[in-house]
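First chain A sits with chain B, and in the next complex the same chain sits with chain C.
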Partner chain A sequence: MQETKIITKLCGKIDPFSIESYISRGGYQQLLAYLKNIKTKKGRLQAHKKIMKLVEESGLCGRGGAGFPTGEKWRIAYQKAQKSRQPLYLIVNGDESQPGAFKDSFLMKKNPHLIIEGIIILAYVLECKKVFVYINGTFKEELEIMRQAVTAAFEHKFLGGKTTDFKERIKIKIIQGAGGYIYGEETALIDSLEGNRGEPKIKPPFPPQSGYNNSPTVVNNIETIANLVPLLEMGAKKYRQLGKGNATGTKLFSVSGAVKNPGVFEFPLGTSLRAIIYGICGGMEKGKKLAFVQVGGTGDFLVGKQLDYCLTYEKGKQKIPVGLGNILVVDKNVAVEDLMFSWSQFYARESCGQCTPCREGTYQLLKIAERLKEKKLMEKDYENMQDIVEVLEKTSLCPFGNFAAQPWKKVIKFYGADFFDARKRKK
Partner chain B sequence: MTIQKILLSFEPEKENILPLLQKVNVHFGYISKDDVYRIAEYFDMAPAKIYGIITASEILKSEKPSQLEVAVCTGPHCVIKGSGEVLKEIEKYLSVKADRQADERINLKTISCTGHCLAGPIVIINNNVHENVKPAEVDDILKDYL
Partner chain C sequence: MIKIKINQKQYQVKEGQRILAVCNKYRIEIASLCSHPNFSDFEKPAEQDRSSNAVCRLCLVKARKKGERKYQLIPACILKATAGLEVITEDAEIIRLRKTNLELLFVNHAGLCAHCSKNMDCELQNLAIKYDIDEFRFVPRLNEIESNEELDLLYEKMSRRMIDTENPAIVRDSEKCIHCGRCVDVCKNMQGIEAISSVGKGNQAVVGTEYNVPLECSYCGQCTTVCPSGALTEKNEIGAFVKAVNDPNKTVIVQTAPAIRVSLGEEFGMPPGAIVTPKMVSALRECGADLVFDTNFGADLTVMEESLELAERIKKGRGVLPLFSSCCPAWVLFLEQNYPEFLSHLSTVRSPYMIVASLIKSYYAKQNTLNPKDIFSVAIMPCTAKKYEASRAEFRKDGVRDVDCVLTTREFGQLLRSKGLKLAELDDSEFDPALGISTSAGAIFGASGGVTEATIRTAHYLMTGKNAKEIEFKQARGSVGVRLADFKIGNFKLRTKIVYGLKNARKVLEELKKGEHDFDFLEVMACPDGCIGGGGQPIPTSPKIRRARKRAIYAQDKNMSLRMSHENTLVKKIYDEFLIAPGSYKAKKYLHTKYHRYHYKWRK
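This part shows the complex of A and B:
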């Protein structure tokens, strides 16, 4: 199966450092068309309504993991800002630090102006004067490309002019993130931008109601924003035809692990793992046999018929939650203990530490993973692991704690409790 | 550039704290105790708050880095690609265990995915990213840094 290149249409075909190469391929046309319509206040309000309607009708939902309807998020924040007369902030989430996720990085490196054009249009639509793009602090190349893209957009007067009755200049600030997975969680990200340590907050209030500096704030994933320009180009009807059921449009997938051609690929939502792994990825690497596939970092270990289920944001039977769209293909040569250790290390390291179940639970799970790996499991490790998993799921302040429990739940679901018994120390 | 000059290039607004810390960290390689106090004063914050930000971050450092900083990715993709063997070789070559207390000379640690998965196994040495590292190449790569 061929890729459906909507978001990635120009990736690899243009020079990310040259705004001209984006413009020569039709770039910034949607922004210019939009600006033409908003010279008066009336025109602006009409254009606002039109885009909000388009996005709600398209069924676009967030690509940052949770799949929240994008139009609804924008509407809540916009209405709140109008009512409370507070400034509205837009934060673009480019923190992407989940292991095996690299699609936002890909987009930033290959077509930064698609993101910037989307940001500027959205800022006008939401009457937002200040935008933060929070990028994983270790992404040096992406930071440089995005910074120069903002400068180029400014020099070409796509930013900062007085084109409309909405006279304030829109400012886009590229932020080098503090470096860590938890900053990807929206309330932690906001906390970090406010000059704090970057710890998740209890929700509600949700950011569209009360976010940055207690103002209404829209937080969107990089890929979500990158959908706006193509959506304006094709219209809601055509957009809905991509995808399956209520999961509309395409999704970027980061495929890693033991396939012939790992990489970032774009497919309509509803596509199956088999189509991706045995299609564009060319199947398993030479000499390697599939053990299982894991999607979104926290998903089930999938094999056999499950590879034919749909990857989607819809819930239900024979459906696989896509999350950020990272697909990890594990082969039989890999010791599952090593993988469990890798995940446990990640979660223990990245816990922000503000709540006890997660801070202590992830540490204890790491210790169990260590013993598992060294075949030195202790008598009560299995029971303790189950207790910790339950406490993490039930009492963590933010979803991170729940995520941390998932690899353990999934490994037992897949292999059964024998997984532990077989790895006890031989007496 | 002195710390004073860096400070004055930012307005003392909360949104500038992280960008400022990143800048100081790049410029001096870490953020010294003196600098933490200067920064805290400039932003009218408790120094402990500044340390809170630094210690939660994987990039900002409160102590001078070792001469040789080696980070081996043990994220899932790199594990599948054999980073475990690479790590063992590095531990052997440097005669230190990973993730133990660093000393002035060497800091060997593991990290969980850098987003460069496609080029894994990844080893980062003094900020240089080495891609597709094979256990047999470890000696050659490290030799250049010693």
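This part shows the complex of A and C:
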């Protein structure tokens, strides 16, 4: 099965450092067309309505994992801003740091101008004057590319004062993230932007109602923004034809693990895991046997028939929640204890330390994983693990606590309670 | 008013009220460590009008909104009452979850109860007993030292563990901290200082100062009143007191603050606002104090000096206006640290207990031919910042400190309990008359607005030559953080601003910086409702308890015959015998002080 290249159409074909190579392949045409339409106030209102309608009709939803309908998010924030006369802020979330996810990094490296163009159009649509692009602090290359892309867009007058007849100037600020998984959570990200310690906040209020500086704020993933220009090019109807059911459009999948050809691939939503792994990824590496596949960092361990289920944002039977689209293929040579340890280490390190179950629970799980790895499990560990997983799932403040509990839940679901009994498992 | 159901029983509540507050009102017990009734006073953005950050995850309840089928787990401190809401506060699952969370919290804390000053009076301990937890179920997160490298870090005080005893007022022991965030909240939202906050992330997260330096703040001590465990406590000076009492060469002289006589009873199970002055004095004598003086008398002298200063600044234009009160050491230190440009506004008068202390080691020592070095001067205060103030260089003469030791109300209660004294059973006793006669103008210093009211009473006399017809200036009283009060003194209209909480004070100062001011006199108290809500006051504290204490303070005022400082016979006597007159060079020497810009020792 071939990739459906919508967002990644130009990736690899253009020079990310050269805006000309992007323009020569039809880049910034959508922005120029949009700018032509908004010469008058009336035209602007019409263009706004047209794009909002287009996005809502297309069924585009957030690519950051939760899958919230993008058009609705924009509408809520826009209406709130108009009503309260507060400035609206747009934050583009490039703090990709979940293990096994590298699609935003791929996009930024290969085609930064697609993102910038989307940002500028969206900023005009939402009448937003200040945009923050929050990029993971360890992404040195991406940061440089994005900074140069913004400068180039400014020099080519796609940004700044002389772009339109309107007085407003859109400012895009590239922010180097403070370095932490939790800043990918939108309220923590806003905290971090405000100069505070990033800690997820209780919702409601959601950022579209009250976010950065208590103003309505739209937080979108890099990939969501990258969808905007292709969507304008092809129209809602054509876009809807991609995908399955209500989950429309394409999704970038970062495949890692024991496949012949790992990497970032674009497929319509609704594609099956088998098609990706045994199609473009070329199947398992030589001499390795599939143990299980995991999707989204927190999903079930999948084998056999389950590989034919479709990857989607919809809930239901025979459907796999796609999350960030990170696919981990684990072969039978991998010791699951090591995997559990590395996951536990990640969650214990990256918890913000705010609420009890997550701060203390992830640490205790790490200790249990450590003992599991060294085959020094204590009698109480199984029971303790179950209790911790329960409080993490039910009582933690933000979804992160739930994520931290999932690997344990899934490993027990997959291997049974015997997984904790080293003697039994060896047989 | 709407109807909701809690545990199958109907209650009438206000819409939007938090369920935790409702449960507290109707005495339905819910375990909670991170919310605190004090927090309802904070000014927060409208969206965050809750009493906590909901981080302890102990007050979980099951709730079902009208029309919903399933119950959902949600913390009671953020759950708002809506019509038809059904709440279950305890069932097997909730208890199990709470217990696990408590055990997770307790594991970093275990093992130090017996010698903790909060022992038997500790919220965490009470919950641990109630839920019958297993203290050693998990591996401690912070106590572990895994390698020599970490041990080295511990020596360099860069470790995650920190026992800060270097600062003069507050002991911080991060080993006992359970990361509830109350102190962070109070420091940030009530005082606006942010001296402590969360440090590190994930399994390294602790509450601490930046770079783990010793605490260097205004030492208001509000964090110690909200801490549910023993992680933040006042610096204990009971030992020094007991040592001095047992030293035959030392004359131990104790003075007691206006605000402690209405709160000390709480340490012995009396209701808030019980006035225990005579019993308190005899308790001090039982503890071995040779003489007991009254800080209220110092307050009377403060009023004399401060009202003269105010009258002079207004009438003769000497010095700048507005005049700031200087009774609160936390406020003075805050100004020295953050707004040194406003120090000229600050009244140079010492705080009341420093006036009494200064007179003890000068006037009283001279009269009774005592060597100041042989006097051990103790002050019982509702305040931790006073511990800092006592250590200041300005309050030292020839190497002898004016005040040798400051005990908080809590420490005093602890001392009495350790001696087996029961306050209610003691005989009545009176202050020693040498420096112990006071008026009720001094007594109301304990509440926010009291300094202003007492000063106006005397300033009226000074500026017009006669007393005001109605001496109860009700406009100075109130429980709002920032309030304006206008007074008519003859033909002159005196505008005053009364503030409590340093965050409020900062707001007022920022306005002043811009040149906007509509007042001539500014009274600031760092703690909510003034000294009666002080950092050294009995735990627990809440707006309700503070109201009871305040009522008692004003009831005291009503019942006294002498209600104006200038009518105090002892004040007149001291001026005649020793200080000459208010504002004289001798008064300047013994009753006034100097301020200077504060240079941070540790903080970067």
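Assorted remarks:
What we mean here is this: the second predicted complex is superposed on the first by the 417 of 427 C-alpha atoms of A that agree within 3 Å, B and C clash if a C-alpha of one lies under 4 Å from a C-alpha of the other, contacts with A are read in each partner's own complex, and residues count from 1 in each chain.
One rule holds in what follows: a residue touches a chain if its C-beta (ideal position, glycine included) is under 8 Å from a C-beta of that chain, and two chains touch if they have at least 3 such contacts.
Small disclaimer: the values here were computed from a predicted structure and weren't measured.
Once the two complexes are laid over each other on the shared chain, residue contacts for A:138 go to chain B alone; chain C is not touched.
Look at A:380: by the touch rule set out above, it reaches chain C but stays clear of chain B. In the superposition on chain A, A:197 contacts both chain B and chain C. In the superposition on chain A, A:352 contacts both chain B and chain C.
Of the two partner chains placed by superposition, only chain C is touched by A:361; chain B is not. In the overlay built on the shared chain, the residue A:210 is in contact with chain C alone; chain B does not reach it. Once the two complexes are overlaid on the shared chain, A:391 sits against chain C while remaining clear of chain B.
Once the two complexes are laid over each other on the shared chain, residue contacts for A:309 go to neither chain B nor chain C.
Of the two partner chains, chain B and chain C are each touched by A:180.
Touching of chain A by both chain B and chain C, each in its own complex, is seen for residues 180, 197, 349-350, 352. Per the touch definition, chain C reaches chain A in the complex via residues 45, 47, 50, 53-58, 60, 73, 78, 96-97, 100-101, 104-105, 107-108, 137-139, 141, 179, 181, 197-198, 200-205. Here chain B touches chain A in the complex through residues 14-19, 22, 43, 45, 49, 52-53, 56-60, 74-77, 79-80, 84, 110, 112-118, 120, going by the rule given at the top. On the side of chain A, the complex with chain C involves touching residues 180, 182, 197, 199, 202, 204-205, 210, 214, 348-357, 359-364, 366-367, 380, 384, 387-388, 390-391, 394-397. Within the complex formed with chain B, the residues of chain A that make contact are 96-102, 105, 136-139, 173, 175-176, 178-180, 192-198, 254, 256-258, 262-263, 328, 330-331, 334, 338-339, 341-343, 345-346, 349-350, 352.
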